[in-house]
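Each of the next two complexes has subunit A plus one more chain, namely subunit B in the first and subunit C in the second.
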Partner chain A sequence: MHRYIAWRLLIAIPTLLGVTLLIFSMVRLLPGDPVDFIVAHSSHAVALDRDLIRRQLGLDLPGPVQYFHYLSRVLRGDLGRAIMFNQSVSELIRRELPYTVRLAALAISFVVLLGFSFGILAALKPNSWYDSAIMATAVVGVSMPDFWIGMLFILAFCIKLRWFPLLGPESLRILILPALVLALRSTAIIARMLRSSLLEVMGEDYIRTARSKGLRERIVIAKHALKNALLPVLTLLGLQLGGLLGGTVIVENVFARHGIGYLAVNAILQRDYPLTQGIVLVMAVVFVGINLFIDVVYSYVDPRIRYG
Partner chain B sequence: MRFGLRSFETSGKQRGLWTDAFRRYRRNKGAMLGMVLLLLIVFAAIMAPWITKYSPFKQRIRDALSPPSASHIFGTDHLGRDLFARIIYGARTSLKVGSIATGIACCIGIPLGLVSGYYSGWLDTIMMRLVDILLAFPGMLLALAIMAILGPSLSNAMFAAGVYIIPDYVRVARASTLAVREMDYVASARAIGCPSWYTIQRHIFPNVLLPLIVLASLNLASTILFVAGLSFLGMGAQPPTAEWGIMLKDGRLYLRQAWWPAVFPGLALLISLLAINMVGEGLRNALDPRGLARGR
Partner chain C sequence: MSSSNGKMIRMSVLLGVMLCVALVAGPVVGADPVEGGHLMIAFYSSIQDSADLCKATAVYTKMIVANGLDTLIAKDPATGQYYPGLARSWKISPDGLSVTLVLREDVTFHDGTPFNAQAVKANFDHIANTPDCAGKEAYSKLGVGKSLAGYEVLDEYTIRITYNQTNARMVENLADPFVGAMHSPAAFERYGDDYGQKAMVGTGPFVFVEWTGDQGKVVFERNEDYNWAPEFYGHQGPAYLEGFTVQGIGDPTSRAAAIEIGDVDMAIVEPTDFIRLQDAAGLKGWLQSRKGWGDLSINLSNPILQDLRVRQAIAHAIDKEAINESPVFQELGEIKYCEFTEGIWGSDPSPKEEFGKYNLDYDPEQAMALLEEAGWKDTDGDGVREAHGVEGVEDGTKLHLLDLVRDYEKSSHEIIQGMLSEVGIKVEVRVHDFATRETLLFEGKFDIAPWPTTAQSFFAFNEEMHSESVPFYNIGFYGNPVVDALLDGALATTDPELQREYYRLVAIQVLKDLASIPTVKIRNTWILKAEVQGVKSDLMSVGFDLYDAWMGQ
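And then the complex of A and B:
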């Protein structure tokens, strides 16, 4: 077990190195002199800052040395200074990250809660009217543009019905709509997957055995079917987490919420490269970490993997 | 099914792969509905100037934000442009964007996957590591990084969407190639001295095509949505392009005054995505019953 975890940690290292190299190259891929480019395109950088920007990006040194410097700075947690606010990038990210984490956490709870309930409900009586209704909604849900449904929610629940506030201090009430929007597509995907996975398992011999023992249907489903149907759903849930992370960018902008995604879009539109690099790095590390975590959890749930 | 495109060579009475697939597709009601919707959208995109008399760019500030009426069936936007015209022309943009982005991914990803699967060895290992790195970025983040380098524009957004889905094609093409490579006909081709590139394009490529077609049809929808999302964030299409994402971005700013600029472009986007996804699912059932092509 520990060997498997150690191995997974080890192969994450080259991936992370590749990620840092890619992010490091970002500024160097700009056409012409990056400093000219940044000064010309940013409404915040002044011509006077040129040397400062050059030094901050480490552009005054040879390439490999630059990369080495960059890497050692990053490892010490120093992501440079943002041009926009003339503030430390790590400070800015630390300030915005909790908003995104809260949003994502609530969204994941919605995905698990709603996706599982609807998936099980639909599988209980295949081809019943509620199964058809749930699956039809799921088909639409998968195709639903998240930024559009977000706008419709604002229009209906914030402007017309006034059930939820659109702006205001962070609270559960203000989090619900954005989290629902963020959760929508993953919920639809999970519900569909759980339904088909459950239906497949329900045809197995051990389910017939359980039923013929006289067990109540509720126990057959909860104890025998669900456990086995859950494996493929768990993999999918892991894949959805990454999508959810990307989705926060859209949702935070639709709802004009604080957060990493909102910061990222502004950084890019303002051509604030140190800030953009920092955000992309942090999000990529979080993403790799989530995948690692899921792999490890998965190896606990499914012992076959460890010996594969 | 196992023998791939046999029907191309033996055009006899035998029922071939494509006839079979077409029969399976036709039995699927959702897929047929999707196909009809998609054809309607394509038709509208091509015939745009004949369908509406309005230009998607002509501004009439006097008519700004006028609600749906007989003369403007979907109303007008904040600059007094006819929303119906902009939505119809927007279909052109979206279809173009989706096909080009998917095309980019196919042209780069498929050859890489074929070569990687055919030769295996160190080339394959390196390729798979690169794919892993690309996959280490959540899609939206990769797109943001690309947009940060290239700057916001529709063609850059298209490119970003294309790059994002390249790994899918590499992996699907590679996995199918690994299976096909072991077939007798590939061994025969090698035995009679066919060069590698010839074997790949003549004997392997046609036999790995089916899951790739399915993948591409599903990706058409995801790339359209992706680029519309980037446009919504201000990083894709720039004004005054008629594009659904940017129309929604504008609509959002006037949400308190008018609902129609926020509702209709999104509805058009949703219907297009639904249609394409239904066609894609239908193709998957008809062409790829083993489910090799798993989209993201």
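And then the complex of A and C:
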């Protein structure tokens, strides 16, 4: 297992190098550059010296030279300086990441709690009224865009019922609504997946054997069925975690929250090359880490899986 | 029994008197200002780039940060008049090549260090020498590497700034927070590259406390030592408010929700939310006219649009009244008659009185006649005209125009799209983000486009209409030697009346040439809690000046 983890970490290096090259090229392929944004955002009351600003930012250098400078800085642990914010990229990410992590952590808790509960409940009595209700709700949850649900939640729970504040210091209460909105789609997906996975497993011979041994249904589900039904759900959960980080972009905007998602959108719109590159690189590291973690968890859930 | 009746009568009289007093006194409107309260504001963003204004370019940054700063010369946003600020007086040399400022001697920065001529020099040095400031607005306005010849400390409280050529904008620039606002030189030293991010130390009525990003908040507290407000303000001494917080909320629905549920005390909202909330219990509306201009720019490098008759047809086809009455504007816009808004031009005479006669009336019939005359006819009956013998245009080319807008301009431009389609002009309204649109505009890859400025005076007209500004700023590739000469003349004098006359003539010529078409300018729509009083427009009319603001009970 240790050798496998070491191998995975080793192959993460070319993966991340590929990410740096890809994102470096992609942001520069977009029309416009940081200077265009600076000019667009100014008052237009006085002509800015575009060439001087471009020179100052090193954007007058040939692309390969810029990439070499960027890579050598990254290898020294320096992600550069954000153009609009005039601040170190690492510092900005360090400042914003905790907000997103807190939101995503609560959202994933909701996904696990609600997704598993509804999935199991629906699988216990397939085609019952509550199975139909759960699956119908799940379809709605998957289909509704985050920004729309966010606005509906604000209207219902902040404005009409006044159960939750919209603004205020970071607290569990202020996190609940955005985390719920963020979790809704993944909850629906997990519930549907767990239901079908469980239904498939429940038809297996070993479940019949377990029942015939006189085991209580709760034990049959928890100890025998669920453990085997979990494997595909775990893969999906890993993917959903990545999706949740992406989903923060919309939710952070609608709920006027800080976070890496909001920062990423701004960085792209502002053509802030160092900031976009820094955020994508950090996110890539997070994704590689999540994938590795899920692979390790596999071996614990299913002892038949061995890495060597 | 009689005693009891007497008591009841006395009580009734007392209650009646109290009621009358309450009715006469009315709500807090018009009452004396009271100290205290922390004002929460929901705005498009908090500080967007840096509180160190020489590194910043965003106008919202300047507006917010200005509440913690004082400028060397102060400009009354309401009248446009200049007043002593941190400089007690200023004197422009007869040749217009230098200005000598005599500074106040009683001013200290928020960190307790004294304000003097060396501090002014250190601020100018900071603008000229900080790499992150190079080429940006403060740098350009100070004239570094261009019109600025130098600055010299004459004594502890006197400094002279000299220019290579007559600088008509020098007073305006020294009243602009980008150049004229003074920061503590000690703080520049102390915070280094982090100045503007972790700290901002000025002399103004509010002290910077913290900033947590543009979607986050920026917090200011009252400067208890403040006693040098320019005379056009309503009071002297410290501000009434204990402080204020600007919370950046990009989503308009969330901003409206924030004021509706009372999370904030004032919020900038969409016109539809303004209509809905302005009469709600405990709330009130504030309609803020924006000073800058920006009409429908026309790309004169396009052979189709080089024909004045086609531009006249576009102008005749646009019904400004109908645009303002549309659900997008809800009659909250300002109908334009020239490039200048009333905030720039003044109200005596109004822009309508002065320039209205040079505007073309809404007349679709005339528009269609002009297009026919110019060779644009719809012979295939598809509702879009095509070229027939138009010079420089291949026969059969459809009259198809590309309108580049940002997302918030889309709805209003779809109305224009509908109006132009009535006369046989097909308009494609294409939405782009800021940077993409700017690039396409500068490359001339558009036909019509909104092109706004947040200028606070006539001078930005030089950037927008002078042929030397093509393609940057003069995106329409407009060039008229008469206009160039008038614009040069305006910058060659320091006489405000003469400048105004030059710009009046420029505006008339631009209207005759139809280099851009005046349409409707949106006003800022604010919702405030009823107890919030005394909030004024800032210098650029994009936001708020809070020195005189207070909160009633």
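In this text, the second predicted complex is superposed on the first by the 257 of 308 C-alpha atoms of A that agree within 3 Å, B and C clash if a C-alpha of one lies under 4 Å from a C-alpha of the other, contacts with A are read in each partner's own complex, and residues count from 1 in each chain.
The definition used in the following text is that contacts are C-beta pairs under 8 Å (C-beta built on N, C-alpha and C of every residue); 3 or more make two chains touch, one makes a residue touch a chain.
Since we're looking at a predicted model, the values are computed, not measured.
In the overlay built on the shared chain, the residue A:Gly18 is in contact with subunit B alone; subunit C does not reach it.
In the superposition on chain A, A:Leu239 makes contact with subunit B only, not with subunit C. In the superposed model, A:Pro165 lies in contact with subunit C only, and not with subunit B.
Of the two partner chains placed by superposition, only subunit B is touched by A:Val249; subunit C is not. Of the two partner chains, subunit B is the only one touched by A:Met144; subunit C is not. When the two complexes are overlaid on their common chain A, residue A:Leu269 makes contact with subunit B and with subunit C alike. Touch criterion met: A:Leu155 reaches subunit B and subunit C at once.
Look at A:Val280: by the touch rule set out above, it reaches subunit B but stays clear of subunit C.
Look at A:Lys213: by the touch rule set out above, it reaches neither subunit B nor subunit C.
Across the superposed pair, subunit B and subunit C both touch subunit A at residues 30, 41, 151, 154-155, 159, 253-254, 269, 271. In the complex of the two chains, the subunit A residues touching subunit B come out as 14-16, 18-19, 22-23, 26, 29-30, 41, 139-140, 142-149, 151-152, 154-155, 159, 239, 242-243, 245-247, 249-250, 253-254, 264-265, 267-269, 271, 273, 276, 280, 283-284, 287-288, 291.
Those residues of subunit C lying in contact with subunit A across their complex are 40, 42, 48-50, 52, 55, 57-59, 62, 131-132, 134-137, 139-141, 145, 193-194, 196-197, 212-216, 247-251, 253-255, 257-258, 260-261, 263-264, 292, 433-440, 442, 451-456, 459-460, 463-464, 469, 472-473, 540.
The touching residues of subunit B, when paired with subunit A in their complex, are 30, 129-130, 132-133, 136-141, 144-145, 147-149, 151-152, 221, 225, 228-229, 232-235, 245, 248, 251-252, 255-256, 259, 262-263, 266, 269-270, 273-274, 277-278, 296.
For subunit A in complex with subunit C, the residues that touch the partner chain are 30-34, 36-53, 56, 84-87, 92, 95-96, 151, 154-155, 158-159, 162, 165-168, 252-258, 262-263, 266, 269-271.
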